[in-house]
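Pasting the structures in now, so scroll down.
You will see chain A twice below: alongside chain B first, and alongside chain C after that.
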Partner chain A sequence: MKNREMEQRLRHEAKTWLEEGKVDYVIGFEPGSLKFTTTPLITKDKDDIDRLVINPFMVNNLSVYLTEIKGRVGIVAKGCDSRSIISLIQDNQVVREDIIIMGIPCPGLIDLSKVELWLGRDRDELDDITRDGDRVVIMVDGKERNFSATEVLFDNCLSCEFPTPQEYDVLLGETSSLVADKIASRDKIKKLEGMTSEQRWEFWKGEFNRCLRCYACRSVCPSCFCKQCFVDESQPQWLLPVPRWQDNLMFQIIRNIHVAGRCTDCGECERICPVNIPLRSLTKKMYELVGDLFHYQAGMDKSAPPVLTAYEYTDAEDFIR
Partner chain B sequence: MTRRGTVSPIIRMSTNIATTPAYMVELGSSIGSIYILDLAEVRVKQESEWEPKLLGFLCKWCSYAGADLAGTSRKKYPANIRIIKVPCSGRVDPLFILKALRLGFDGVLVSGCHPGECHYQTGNYRARRRIAITKKFLEYMGIDPQRIQASWVSASEGGKFAEVVAEVTKELKEIGANQLFADEK
Partner chain C sequence: MTNSKKINKKDIGGLLKEWSQEFTVFIPWRESGVAMLDKWDGTDTGFIDWYRNTVKPAKANFFPPMEEMFRFQKGREGYHIELPLDEHKQLIFGIRPCDARSLAILDMTFTESYQDPYYLPKRNNAVLIGLGCLKPYDSCFCTSLGISPAESTDVDLMLTDIGDQFLVKEITQKGKELIARASQVEEATEADEARAKEVRKAAYGKVTRRIDTKAISEKLLSCFDNQDYWEKVAAKCISCGICTFLCPTCYCFDINDELVKRQGARFRSWDSCAFPIYTKMPMENPRVEKWRRVRQRVCHKFEFYPMNFGTIACTGCGRCIRLCPVNWDITQTLDKLPG
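Here is the complex of A and B:
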């Protein structure tokens, strides 16, 4: 099914939900104010529904809004988003019966900064970007430029294992085929693993020197749903709000441990970071560690307990004296 | 995941132990105020007779009693360990471990009951998962995994407690001082 047809179906369904009173809100994507962007649309008004779109630029993980909205919600979810929703259900943050999931088989999202890097041009100067199977066609200066999808998709999309939503009420279109490049998506982590521990620590020190502690990573993360974050506590004050690298680093390490087994590698934290800290090199590594140590994948089974509240008698303990 | 309404054991401890270095006492007595950790300076002063500082989180039912037994049965073990009594090894948040390293401890030891012997049935199993993930993740960040240690010590294992502390102290001496969070001069 083409995006256009999917859009029509989505609008039709969403309108019906609102009219029949099945949901109080609909959460989806509308065109953003800049070229090739989308912005979340949260609405109760069925006249807004015609603004809903489906395209390869709908990057946000909308499940982050579920914990804040009261009432029944119809939500548009890609593969990774649906796993975040399952993860929220596991943590008792969302009631499954209160949401209607519009599943979108996601063929991967286009990373505009990669496109800019390839073309050496600003995104405003591009005329059109279209996705066609494993090719991406970009119109610039009236000329057609052809790319393989693996060259311009987000890193986390390249390591995507489940492009089709794991949980949905309505699925738009067929199961999508996977365009993956597992090696490329793991490049940065592999490079870090090859370093000595001193080099790694120096690397992260340098990265977190830039951190502004804007907490955008925390705000955008569906797994960061604590009512009060440990960072904001004042008694005890675990770390200072002043953005020094020591505290920045400590914040991010603990944030990663808190979302271990919840993070579905949606890549939102890295995408949102205003100072381009490669946060996915942390979250993806944590994702892998949880898999290696506990044979667990986040957001796959809504009846399973969250991984760090559960245990197995057979868990490895070779590190314990 | 974050716990509310509790006073940090790390901060509480700093008023308990006479041997706590000056910078930690300062932190304890001025919660909320800005503190400056000048580890480098502390290290220069201590270089001649440097001894690793180990922070132990001991479960009240097993390991703490084990440490007690080590004392009453006159077992010798290095005085490098500072002990915080916790209700269960499952109480130890990875945040405590990192905070201790942030404050300049050279190593952290979490010790609880043997599997199957937890007073609360399952606390140590949960601790096991948390410590495993913390250790692996901090290793990836660039922190020597030797700095994060765990052991099972029951109330009757005073000898084992003394051995564990001796071994860990020896290993920490080999790795050297924790300069991870020190500012470069």
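Here is the complex of A and C:
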């Protein structure tokens, strides 16, 4: 199904939900205020519904709003977002019956920062971006530039195993044709694995030196649902809210451990970091470790207990020394 | 004979080298893909051709993300306190007009409310060399706030790109003195000035995003209690600190002490009204709800600051729009204010 057809179907369904009182709110995407962006649309007004869109720039993981909004919600979810929703259900943060999931088989999203790097141009200097299967065509300075989708999709999209939502009430379109490149998706992680621990320490020291502690990584993360984050506690004060690289790194390590087993590799933390800290190199590595050690993938089974709250005799324990 | 000077772009390196005898020179630079004002390495002049603005605003050079207010040691007779001596002289090359204006706005807070002993020495010791924006972002709306992307009087010297050269306008006495000592500088011709004028005009025309400041000041007061409106516009905000931390005029800070083995330091660091704990007090928190925090940010910039200091605390740099994880756009919120 084409994006346009999916949009029509989505609008029709969302309007019906609101009219029939099945949901109090609809959460989806509308065109953003800047070129090649979308922005979350959260509304209870059916007149807003015609603004809903489906396009290659719907980057946000909207499940982050579910723990905040009171009432029944109709929500648009890509593959990774649907897994975040399942994970929230597993953690008793969301009640399945309170939400209607509009599943979108996701073909992978275009990483504008990659496009900017390839072209040496900023997002707002590009004239047009179109996705056609495994090709992405970009118009810039009046010229057409052709890319393989694997060159410009987000790293996490390139390693996506479940582009089709795992949980949905309505599925828009058939299964997606995602273009994967598992090796490219791990480039940054592989580089880190090849370093000595001293080199890695130096690397992260440099990266976390830039961290401003704006906590946007925490704010966009659906797995960061704590009512009070440990870093905001003052009695005891686990960490100073002062952006020194040591404190910044410690914050991120603890955040990573907290979301391990919940993180679905949606990639939002890395995408939104205003100072380009490659946060996914930590979260994805943790995702892989959870898979290796506990044979578990986050957000696949809503009736399963969250992995780190359950114990199995077969669990790995050779890392405990 | 004109009022301006000019300098060849290829001579900028030499000039900065001379100035770096006296000043720590900062230039707009990209480190790991993030544009910020960085210490110049003394050789690379690639930054001259970079025409966008930094992610981290210039305020960070005067009001850094964190700074030590003092160190202390606990002894038998009580605390011994050591104050930092920060008198380093910085020269910022390539500050954009919006960011230069932001410093003028911050000066009001840090001098009129009280004399900030950390901000002011840095500010008074600094030299600002402005460089006109040739290509504003699609998120920029500086012209609505009385700023021209390629003109500024909030700097000591103002440069305009006129091809192989920069036209140099001396704005302050400090700027004049710097130029007087620079052998690389020559008198500009009338043709140079005409060219610079064209460049400024073209840059001005490239800012297409607009807000109506007059209508805003009229409407903001009357819609302050319109909870429906604020709830609606705040719905998608995720309460992170990006818009405030990277805002060139936001100045809120937090103060924390660290004491380890009888010695420690007091730090101040950026804080944000977007954080729910920002207003947390022993008994209650007046801004638990997100819409109150969003309203606070908008009203502080467009209502309270004008009441206190007679100017809007926004320069239209567009960072809060461009860098927002959910594309929360302040110009849309201001545009749709109910009357």
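Throughout what follows, the second predicted complex is superposed on the first by the 316 of 321 C-alpha atoms of A that agree within 3 Å, B and C clash if a C-alpha of one lies under 4 Å from a C-alpha of the other, contacts with A are read in each partner's own complex, and residues count from 1 in each chain.
Operating definition for what follows: a residue touches a chain if its C-beta (ideal position, glycine included) is under 8 Å from a C-beta of that chain, and two chains touch if they have at least 3 such contacts.
Not measured: the values here are computed from a predicted model.
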**Request:** Using the touch definition from the top, say if A:Leu293 reaches chain B (first), chain C (second), both or neither.
**Result:** first
Report for A:Ser148: first if it touches chain B alone, second if chain C alone, otherwise both or neither. neither
(Q) By the touch definition at the top of the document, which applies to A:Gln199: first (chain B), second (chain C), both, or neither? (A) first
Exercise for review: Report for A:Cys214: first if it touches chain B alone, second if chain C alone, otherwise both or neither.
Suggested key: second
- prompt: With the two structures laid over each other on chain A, which partner does A:Val242 touch: chain B (first), chain C (second), both, or neither?
  reply: both
| request: Considering only touches as defined above, state whether A:Glu317 meets chain B (first), chain C (second), both or neither. | output: first
Once the structures are superposed on A, label A:Cys226 by its partner contacts, choosing first (chain B), second (chain C), both or neither.
first
Going through chain A, the residues touched by chain B and also by chain C turn out to be 237, 240, 242
In their shared complex, chain A is touched by residues of chain B numbered 1-2, 4, 6-8, 10-11, 31-32, 34, 37, 94-95, 98-99, 102, 115, 122, 125-126, 128-145, 149-152, 164, 167, 180-181, 183
Listed in rising order, chain C residues that touch chain A in their complex are 31-34, 52, 55-56, 65-66, 135, 137-139, 235-236, 238-242, 245-246, 254, 256, 258, 267, 269-272, 275, 277, 290, 321-323, 325-329, 331-332
The residues of chain A that touch chain B in their complex are 192-193, 197-204, 226, 228-230, 233-240, 242, 246, 249-250, 253-254, 256-258, 260, 282, 285-286, 289-290, 293-294, 307-313, 315-317, 319-321
In their shared complex, chain C is touched by residues of chain A numbered 32-35, 37-43, 60, 64-65, 68, 113, 117, 122, 124-125, 206-207, 210, 212-216, 218-220, 232, 237, 240-244, 268, 271-272, 274-276
